[in-house]
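Pasting the structures in now, so scroll down.
Both of the next two complexes hold subunit A, though its partner changes from subunit B to subunit C.
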Partner chain A sequence: MNVAVALVIVLAILAIAYVGVELLGLAFVFSVVLPYVAVAVFVVGFIYRIVKWAKSPVPFRIPTTCGQQKSLDFIKQNKIENPSSRGWVIVRMALEVLCFRSLFRNSSAELTEKGDLAYQWEKWLWLFALVFHWSFFFVIIRHMRFFTDPVPGFVTLWEKIDGVFWVDLQQLYLTGVLLLVGITFLFIRRVVIPRVRYISLVNDFLPLLLIMGIAITGLMMRYLTHADISAIKELTMGLITFHPVVPEDLSMVFYAHLTLVCSLLIYFPMSKLMHAAGIFMSPTRNMANNNRMERHINPWNPEVEVHTYEQYEDEFRDKMRAVGLPLEKDI
Partner chain B sequence: MAKLPKPAELLKIDYKPPETGWMDTPVEFKPGTYSYAGKPESLNLIGFPNPRTWQPTDDDWQLPENWQEIILDGLRDRLERFRSLKLFMDICVRCGACADKCHFYLGSGDPKNMPVLRAELLRSVYRKEYTLAGKLMAKMVGARELTLPVLKEWFYYFFQCTECRRCSVFCPYGIDTAEITMIARELLNLVGLNIDWVMGPVSACYMKGNHLGIQPHGVVDSFDMALDDIEDITGVRLDLSFNRKGAEILYVPPSGDVFATPGTYSLMGQLMLFHEMGLDYTLSTYNSEGGNFGLFTSNEMMKRLNAKIYAEAKRLGVKWILGGECGHMWRVINQYMDTMNGPADFLEVPVSPITGTRFENAKSTKMIHVTEFTADLLRHNKIKLDPSRNKGIIATYHDSCNPARAMGLMEEPRYILDHCVEWHEMPEDTIREKTFCCGGGAGLGNDENMEMRMRGGFPRANAVKYVHEKHGVNMLACVCAIDRATLPPLMRYWVPGVEVCGVHELLGNALIMKGEKKREENLRFEPLQNLEDEVAEEDANV
Partner chain C sequence: MYKPRNIIIGVIAFLALIFFPVWSSLFTTGEAVGAEISLDTPMINAMENPKCVEDTEWMRANHMKLLADWKVEVVRNGNRIYVAEDGQKYLASLQNTCFECHSNYDEFCLKCHEYNNVSPTCWTCHVEPTVVEEGNK
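Coming up: the complex of A and B.
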């Protein structure tokens, strides 16, 4: 049900693009206005969300420790999994963000027929998540070609590496294919594993389908319809230099691709996709476990009522005296 | 009280999600799987709202008229005060990596025990109130109104989480269900929804200084009994002091170790060690509790109980504080105490008077863990041990959740075990940061909740069973007083033949004391096996 709703939304986006461009002739709206709006929403929304999180303080230092603490000098501290200084927190965060360290811990627990729990190797989610995210990153790097003139060295260099394989006399960009492979795995997993399907909402299927659509239309343009790259670059350079022009030769597949990308940009800040920024602010990961070494300040540390020793002694003075406990006021 | 099903019965776990979606599957308060409600007299003592006599199975929970408003205001307020909450409400992608990491999910198959879904119970209301999509599209985007059935679901499942943080180890964003549960329990407390096994200890601890509500003379008596036992076993009479001004160290054990076996054995081991080292320390009756059930109530209540430790250290004029073997107590001391009730500028950085080791890792809180203290003594060869007295004991070590995942105290207790006893690790996936909860933490270790405890404790017990069968393990050592209360029934149920002990019990058995008589019994008054062997040898020689 939820997957169907998400699919309908994506198809509706495509239908709107088709009607708008082909039937109503709103090429300018879809190639210029929408991209500007999408980027503006993305940038403003992204910052807004971060500021909104940042406005709430971090009252307590609550890292999840995943290794030995710093204590006695003959006991080896696990500085990465249980950092006690800022430098090692950065290492921990880098591993988390770049290598998905925590997801790599994943295992699957199964109840055997004998009634025992068996923990099995399960790194597929980690592997495909990593493949998907890194591919997406490099695909974006390659797209820098459309927004720069001359194209910077790192982009052309990466194109060489990425396109090391040739198929049918043309360069095959690995990351483009891997992006689709990764996202497809994540989608299938969500549909096939019963408990994951059970928790999945429209908001979980929608970004998957949007990105699948983006990847498919992108691959189509490159390998099947052979889009007019110079026309596209004319458009993108116009956009980036704020002198927008709408070339004649843009295909419908391109409009589909662009509209889906814009939809993703608009959707991004209001969705769970903000995990991309949120992970940097997660207090269980980005804080050092140095609570006993350095005091952490809670800006709203509340005044609370406590039961004082004086109250306690007043209540139990006779009983305390009877067993010889020292008293503050022996009355 | 509900009858507990047989283990084979309990193991028929169905992991297939129900036909109905989770929002359309109402909660069922099945006997044996929930805790009784907090009593009005407990709530009155600490000034908590809506004290009344009620039970979760009642149709009418006797809530205040405007309970929705109270909770939603409370949620808004906490979103402004806790970045963790705001973030954890927003960034979960529902990848499901946490699902089979929760002991309650593994033991029950109930999808709402998957950490992701437990959090969604709160998130769904958050989305309805605070997101545009939630307001417009509701169910499809996982948003719903806060209704009475939703509230009942919150109560059931947020008191079916032991705040063990295992899921947060595996979450790619570090989303910590313990944090969500803690805040959800704060919200529930705003309208008087809490459980007796938490509120009883909290109010007792507030008024009398310990969870069991033992009065000062009772505390002294309990220690005297421990001293009598030590004298019977070792022939050495220890001298204790209470509320003594000018002592160097304030020692704060969890009260569970003072009043109930097998914790008392571990406490005896510690007292014997301190005596042998000639430690200048005192105990407090006002603060006769290291544990803090406020942690399972609200951050304010945690602070109110925790305040006593520094207050008493200041009044007595000690130099530093030594804490006993307790799990959640160390989450409070490591992650909250200094922030809440510090700075402890009236104390000194802890220095072991025996080895001279300066505990730089506690230079701000001025409080160290007893296994840190003992491991340091062992390292410096300050303790004479005869490990053969632990002969016949084959131990394994259970990392208690909080020392493992909210502190990283992992090697210190192991170092002590290495010196005292033959022991074997449980499988990799079940120890250290991946350790499994006993099933009864965070206030859920009550008898009425026994079926859920056995279910939640199953992954832990099953790992013990593995080493029990493989290495003949018959002793489960740990550093947590709740463990020592909850693991014995768990072992009796799943792995009969395995006892539970504190690390310092094994140290106490092995500890050679000046002037002691020839030991014939261990701290449990059981005959020592190494003696039986000696006798057998002598017989053979004759």
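Coming up: the complex of A and C.
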């Protein structure tokens, strides 16, 4: 059911693009207004979410660890799993962000025939998640050829590496294909595994289907329908230099691609896709485990009035001496 | 509650990444939006109705596909004749058909290819036109 709703939303977006561009002739709206609005919503929404998170209280030192913490000299500390300094927190965070380290620990729990709970090796989610995210990153890097003139060297270099395989006379960009493979796996996983499907909501499927649509339309333009990239670059360069022009020969596939990308950008700040920023702000990940070395005081603890033993003794010294109680300070 | 310093650094890094095309375009000289290709060659000027093998708009997006198809037809099937959509027959040859009209490689092919950062492998087999010109001098 949730899949169907998400699919309908994506198809509706495509239908709106078709009606708007093809039937109503609103090419300007879809190629200029929508991208500007989308980027504005994306950036403002993204920063809004970050600021909101930044303001929320983090009263405790709560790093999650899974290794030996810093202890006596002869006990070896696991510095990555249980960092006690800022530097190792950065190492740990970098591994998490770049290699999805915690996802690598994923295992699948299943009941055996006897009824015992058994944990099994399960690396597929990690592998395809990694493939998907890195492919998406490199696909975006490759798209920079439409947004820069002259195109910077790192983009050209990556195009050479990415397109090392040639199909006939055309470079086959591996990351483009891997992006679709990765996202398809992530989608199928949600649909096929009953437990995962049970907890999957519309907002789990929608980003997957949106990105799948983007990948499919993108691959179509490159390998099947052959988009006029000169016209596309005219549009994109016009957008980034704030002198928008609408070239006439943009195909419907391109409009579908662009509209889906804009939808994704608009949807991004209000969706689970914000994990891109959230990962850096996870209190369990971005803190050093130095609880035993430093005292962390909750910053908004109220001042508590205390009556120490010294004060107590000062107050009752004479009476205590009179009944023969021991005194710490006998003046 | 995070230290504002870290958040500000993070947000600035995010903005710098997102708007890379915008701020990098301020430092480049390329002001012209779009690649302007020249059709000013003796052969095209001499034509009454300048017309490419196929429709111009179609050629803009699909010339690479056409050339790839020609390659297969000529090299594998030995068929040098290309019949266009309008029934006109052409000799399927990059050097003898395409370059006969488009004799301005630098102002025609290269302009778009450089603008869009594509480097087709035409010249691994064919002789690069500029090299031919220099040789003829």
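The criterion applied here is as follows: the second predicted complex is superposed on the first by the 299 of 331 C-alpha atoms of A that agree within 3 Å, B and C clash if a C-alpha of one lies under 4 Å from a C-alpha of the other, contacts with A are read in each partner's own complex, and residues count from 1 in each chain.
The definition used in the following text is that a residue touches a chain if its C-beta (ideal position, glycine included) is under 8 Å from a C-beta of that chain, and two chains touch if they have at least 3 such contacts.
No experiment lies behind these values; they were computed from the predicted model shown.
Looking at the shared chain after the overlay, A:Asp168 reaches subunit C, while subunit B stays out of its contact range. Look at A:Ile75: by the touch rule set out above, it reaches subunit B but stays clear of subunit C.
Set side by side, subunit B and subunit C differ in how many residues of subunit A they touch, and the one touching more is B. When both complexes are overlaid on chain A, the residue A:Ile50 reaches subunit C alone and has no touch with subunit B.
Once the two complexes are overlaid on the shared chain, A:Gly20 sits clear of subunit B and of subunit C alike. Legend: residue contacts after superposition of the two complexes on their common chain; A:Leu103 is shown touching subunit B, with no touch to subunit C.
Shared-chain residue A:Val58: touches subunit B and subunit C both.
Look at A:Met281: by the touch rule set out above, it reaches both subunit B and subunit C. On subunit A, the surface touched by subunit B in one complex and the surface touched by subunit C in the other have residues 53-58, 281 in common. Residue ranges of subunit B in contact with subunit A, taken from their complex: 7-8, 11, 13, 15-17, 21-22, 47, 79-87, 90-97, 99-101, 106, 111, 114, 116-117, 120, 131-133, 137, 140-142, 165, 168-176, 179, 206-209, 215-217, 220-221, 242-245, 285-286, 299-300, 303-304, 307-308, 311-312, 315, 333-336, 338-340, 342-343, 357, 359-365, 367, 372, 375-376, 379, 404-412, 415, 427, 429-430, 432-434, 458-459, 462-463, 465-466. The touching residues of subunit C, counted against subunit A in their complex, run 1-2, 4, 7, 10-11, 14-15, 18, 20-22, 24-25, 28, 30, 33-35, 57, 60-62, 64-65, 67-68, 71-72, 112, 114-118, 120-121.
Within the complex formed with subunit C, the subunit A residues making contact are 39, 42-43, 46-47, 50-51, 53-58, 144-145, 147-152, 155-156, 159, 166, 168-170, 226-231, 233-234, 237-238, 240-241, 243, 245, 247, 249, 251, 277, 280-281, 299. Every residue of subunit A that touches subunit B in the complex is listed here, in rising order: 2, 5, 49, 52-62, 64-72, 74-76, 78, 81-82, 84, 96, 100, 102-103, 105-109, 111, 115-117, 119, 125, 129, 193-204, 270, 272, 274-275, 278-279, 281-285, 289, 291-298, 300-302, 304-309, 312-313, 315-316, 319-320, 322-323, 325-326.
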